[in-house]
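These notes open a run of structures that come right after.
In the two complexes below, chain A is the common chain; its partner is chain B in one and chain C in the other.
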Partner chain A sequence: MTVARKSGLLHLSVLVALIGLFFMLPPYHSGNLARIMVLAIYAMGFNILFGYTGLLSLGHAMFFAAGMYGFGLAINLGGFPLLPAFLIGMLSAAGLAAITGFLALRTTGVAFMIVTLMFAQTAYLVILYFGAYTRGDEGFVIQTAKRSVMGIDLTTDSARYATALILFGLCFVALARLVQSPFGRTLVAIRENEERARMLGYDTGAHKLKAMILSGLISGVAGAAYAMLFGYVGATFATVQYSIFPLLWVLLGGAGTTIGPLLGVFFMFYLIDFSSSLTTAYMLIAGIVLVVLTMFAPQGLMGEMRKRVFTWLP
Partner chain B sequence: MNILETHNLTKTYGGVHANSDIDFALPQGKITALIGPNGAGKSTFVGMLSGRIPATNGQVVFDGRDISALPAHQRIQLGIAYTFQITSIFPRLTVLENVAIAARRRFASNPVQLKTRIATALGKVGLLERAEEIAGDQSYGHQRLLEIAMGLVQDPRVFILDEPTQGLAEAEISAFITLIKSLAGETTILLIEHNMNVVMGAADWITVLDQGRILASGTPEDISANTAVQAAYLGKTDA
Partner chain C sequence: MLATLEGAVIASVLVLTAMGLSIVFGVMRVVNVAHGEFYMLGAVLAWYVSSVLGVNAVVGFVAALVLAPLLVGLIAAAADRLILKHLKYDPDRTIVATIGLLYIIQQTTLMTFGPDARPVAPPFNQRLALPWFEWGENGLEMFWPWGLSITSYKLFVIAAAAVVLLSLWVLITRTKLGLIMRATQQDSETALAFGIPVGRVYSVVFGLGAGLAALGAVLVVPIQQAHYLMGADPLLLSFIVVIIGGLGSLPGTVVAALLIGMSDGIISVFFSPTLAKIIATFLVAMVLVWRPQGLFGRAVT
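The block that comes next holds the complex of A and B.
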C-alpha cells in the first residue's frame, strides 16, 4: 500500500469513527466532542505554522477572535445572513494574518514570538476599546433564531455535531493533502533548514507568509464556527490564554502530524473534565500529567507513534 | 564564452576587505577551481555569486544578464546550484526526501520524471541503497555526497561546490573526480578546493585568490609553475 493510500485510509477512518461516536455517545459527550472538533480546527490551523513551518506564534488568539468577531459582528451589527457572515469571519482572520505576517515575519525565533504576542495583545485591547460594538469583556450572544442555515437550526445537538464534523472534516482532509503536497513538503524543508531551502531556490519568505495566512484563515474558521455553534462571542477568546492553548494541544498531540491536533484537544479536554470531577485543584492533576507526558513523549502522542510505529504518518 | 562573470566585485566587513575589485570569468562547460590560502576570501566570493552574501560593490553577470540585484533564491532558479562548505542538509528527513526537496522546485509537475531524476542523482553519488535512511544518521562523508546529489538533481547550469571533498575518504574522492568530470560539458563547475590532487586532477582552469584579490589565473600547468602562487602558499616573499 502506498503512503498516500495509507494516509487517505487513516484520515477517512478518523472521520468514520467521529460519525460513529455521535450515535454511540450520550448527549453530554457528543456535545463535548462537537466542541473538541471546533477547537481541533483551531489547533490544526496553529499546527500549519508551528508544526509544519517551524514558526512559533504566541498570538494566534487574535486570528481565532478575528473569525469569531468577524462572524458575530457581521450578524448582529451588519445583519448579514449566516453564510456570508461566516465568510466575513474567515476573511477577517486571513486579512489580519496577512498584515501580521507581513510585519512579523521580518523576525524569527523568540522575536517572532514576542511580536506576534504584542499584535495579539493589541487586538485584545482593540476589542475592549470598541466596547460599544463588541460589548467588551462581557461579550454578546448570537440569537438562536439567527443561527440557522437553509432552514436547519444549528442549535440542536445533532445539527451542531454534524456542522462541527463537516467543518472539521473539510479542514482535516484538506490539510492532510496540503502537507503531502510539494508546498507542504517545502514548508517542512523550511522548518528543518531554512537557509538550505532558500539555497535550493525556494522563496522562503513567500512560503512563510502563505503558511501564516493559511494558518490564520483556519484559526478564523474555528473562531467563526465556535460563535456559530455555541452562540457566544467574547473577549476571553482573544486573551493570551487562547494563544497558549493551541500550542499546548499541538505539543501534546504531536506537532507536525495531521491527527495530533485532534488528539491533543481531546486529551486535554477530557483530562480537565475528569480531574475536575475529582478535585477542585484539577489544574494540579492536569499539570502533573502534562509534565509526565512531556518527559516520556516529548514529540507528543502522534509524534511518538510516528517514531515507533507509523513512520509514514503525514 | 563565459557563463558567469564578475566586475569589480567587492565585499568589506567594517574596514576589512574580504574581496577587492574581483574581475572573474567562469568559462562555460569547464571545471574551474578557485584556490587560495585560508582566509583568502574564497567563500565570501562564492557567497556573493550565489547571493547568500550581499556584495558591497560590483556586478555579477550570469549568462549575459546582470543578476547583482537578485535575491539568492532567484539566482538559484536561474540555474545556479550551491553546496555549502559546512554540510547543510535536512537532517531529520530521509536521504530520498532531501533530494526530492531539491528536485521538486523544477520537476514537481512530472512525478515520473521527478522519481527518475532523484534515483539517478542518488545513484551517481552511490547513495541509492540508503535512500530510505534518515539523512542525519549518515556518516559525514555520506552527508557531503548527499549534498552533492541535491545539487546535481537540480540539473544546474552552474554548480558551485564549496570544499566538496573535505572529509571524504580517498576512494570517495577519486569517485568524486570521475563524477564531476562526467558532468562537465553541460554543466559549468566552480570548485573551491584545498585538496591539490582534486584540483590538479579535475580542473581545466584555476583561479588563485589571495588576500581578497585575484593573484593568478591559468591552466593547472601554469599555476603550478607560477612563482607568485608558490609564494602565497608557502609564505615566502617574492622570490
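The block that comes next holds the complex of A and C.
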C-alpha cells in the first residue's frame, strides 16, 4: 500500500470509529466525546501553527474566544440566524488572526510567544471591559430555541454529536490533505529551517501569515462550535489557561501529526475529568504532564509512535 | 502627591521582582514564566513562618524576611537542576516547562494553603506625618504636620528595596560571584573553558532570581494578603518592566520599574483599572513588535 492510501485509510477509520462509538457509549460519555471533538478542532488549529510551521503562540485563546463571541454576540445582540452567525464567528477569528499575525510575525522565538500572550491578555481584558455586552466572567447563555438549524434542534444528544462529528471530520480531512499539499510541505520546510526555505525562493513571511490566519480561522470554528453546541459563552475561554490547553493537547498527542491533537484532547480530557473528582487542584495534573512531556517525550504520543513503529504516519 | 508615595511602594516591590526576572533572562536566556509563582510562594511561606513563630509580629516578620526567600531560592535551584538543566536551556522548551512549573506550584499551594487570602501582621505600623509644600492659590503653602500621611511600614518597604538593590549592585560588580555571573552572561562556552562551573552558576542565578521575587513578596504581604493566585499580576508587570527596560539590562530594569510602578498608581487614578491594564498590555506588546531590544536596551547580537 502506498503512503497516501495508508494515511487515507487511517483517517477514514478514525471517523468510522467515532461514528461507531456514539452507538456504543452511554450518553454521559458520548456527550464528553462531542466536547472532545470540538476541542480537538481547536487543537488542530493550534497544531497548524505550532506543529507544522514551528511557531509557538501562547495566545490562541483569543481566536477561540473571537469565534465564540463573534457567534454568540451575533445571535444574541445582532439577532442573526444560526448559520450567518457561525460565519461571523469564523470571520472575526480569521480577521483577528490576520491583524495579530501581521504585527506579531515581525518578531521571532521568545518575543513571538510573549507578544501573542500579551495580545491575548489584551483581548481578555477587552472582553471584561465591555462587560455590559459580554457579561464578563459570568458569561451568557444562548437560548435553546435559537440553537437549531433547518428545523434540526442542535441541543439533543444525537444532533449535537452528529454536528460535532461533521465539523471535526471536515477539518480533520481538510487538514490531512493540506499538510500533504505543497503549501503544507512548505510550512514544514519553514519549521525545519526558515533561512533555507527563504533561500529556495519561498516567501516565508507570506506563508507564515497564511498559516496564522488558517490556524486562527480553525480555532474560531472550534470556538463558534463550542458556543453553538453547548450554549455558553464566557470570558473563561479567553484566559491564559485556554491558550495553554491546546499546547498541552498537541504536545501530548504529538505536534505535527494529524491525529495527535484528537488523541491529546482525549487523554487530557479524561485525565482531568478523573483528577477533578479527586481534588479541586486539577490543573496540577496539567502542570506535571507539561513538564514531564517536555523533558522526556517532546514528540508526544504519535511522535514517538512515528519514530518507533509507523514511520509513514502523516 | 499621595499617589506618588503609594506608587513608590509599588515600584520598590516591582523593582525587586522584575530584577529577579531580568537577571535570570540576562544570564541564562531563560524566560521564567513561573516567576510570579515564586513571588506567591514567598508570600505564602512568609505567612507560614510568621504564624509558626506566632507570638511576636516583629520576630515572625524578620524570620520570614530571611527564611522565605532562602527557601524559595532553594526550591528554584532544585527546579533548575531537575528540569531546566535537563532541557539544556533551550529557549522554547524551557518556556513550556516553566508554564508547567507555574501550574505545579500554584495548584500545590491551593491544595496545601487553601483558597483563602491570609494576612501577615506588619512588624510596625505607625501613621507618620510628613510636611509637604505645595504651590497653591496663596503662593507657597506649607502643610504641617499632616502634609502627607503614610505608615512607617511603607517607608520601610521603600528603604528595604533600596538596600537590597544596592547590595545586589555590589554583589554583581564587586564580588567574585558577580564576576563569574557576568562572565557566564557574556559567553557561557568560554566561561566553561576557563573552568567556571556554568551549570552551578545557572542554578545559583535561578535561585537568586526567584529569591528576589520572594523577597519582594514578603515585603508586600503586610500590605496585601497572601493568596494562591497573587502571582499573575506581578508576573505581567515584571514582564512589562523587563521588556521596556531592555531584555537583560539591569539599569534599564530599575528605571522601567520605577517608571511603571509610579505611573501605575497615577494612571489608575484617571482611567478604570481594566482600561489601564488594556492600554499597558497592548503598548508593551507594540514595544516588543517595533523595538524587540526594549526601549533602553541595545540590539542583541
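Basically, the second predicted complex is superposed on the first by the 292 of 314 C-alpha atoms of A that agree within 3 Å, B and C clash if a C-alpha of one lies under 4 Å from a C-alpha of the other, contacts with A are read in each partner's own complex, and residues count from 1 in each chain.
As a convention for this text, a contact is a pair of C-beta atoms (placed from the backbone, for glycine too) under 8 Å apart; a residue touches a chain by one contact, two chains touch by 3 or more.
Note that the structure is a prediction, hence the values are computed from the model and not measured.
S.K.: For A:107, decide between first (touching chain B), second (touching chain C), both and neither.
M.R.: After superposition on chain A, A:107 lies in contact with chain C alone.
S.K.: Of the two partner chains, chain B (first) and chain C (second), which one does A:281 touch, if any: first, second, both, or neither?
M.R.: Touch status of A:281: second partner only.
S.K.: So, does A:16 touch the first partner chain B, the second partner chain C, both, or neither?
M.R.: After superposition on chain A, A:16 lies in contact with neither partner.
S.K.: Could you look at A:193 and tell me whether it touches chain B, chain C, both or neither (first, second, both, neither)?
M.R.: first
S.K.: Which partner chains sit in contact with A:99 here, chain B, chain C, both or neither? Use first/second/both/neither.
M.R.: In the superposition, A:99 touches no partner, neither chain B nor chain C.
S.K.: Using the superposition on chain A described above, determine whether A:201 touches chain B (first), chain C (second), both, or neither.
M.R.: First partner only.
S.K.: Touching A:182 in the superposition: chain B (first), chain C (second), both, neither?
M.R.: first
S.K.: Show me the chain A residues, by the header's touch rule, that chain B contacts in one structure and chain C contacts in the other.
M.R.: Chain A residues touching both partners: none found.
S.K.: Quick check: in the complex, which residue numbers of chain A touch chain C?
M.R.: Counting only chain A, the residues touching chain C are 56, 58, 103-104, 106-107, 109-111, 113-115, 118-119, 121-122, 125-126, 128-129, 244, 247, 251, 279-284, 286-291, 294-295, 298.
S.K.: Considering only the defined contacts, which chain A positions touch chain B in the complex?
M.R.: 182, 185-186, 188-189, 192-193, 195-204
S.K.: For chain B, which residues are in contact with chain A within the complex?
M.R.: Those residues of chain B that touch chain A are 50, 52, 72-74, 76-77, 82, 84, 88-93, 97, 100-102, 104-106, 108, 150, 154.
S.K.: Which stretch or stretches of chain C touch chain A in the complex?
M.R.: By the definition above, chain C touches chain A via 31, 83, 86-87, 91-93, 95-97, 99-104, 106-108, 110-111, 236, 239, 243, 272, 274-275, 277-278, 281-282, 284-286, 288-290, 292.
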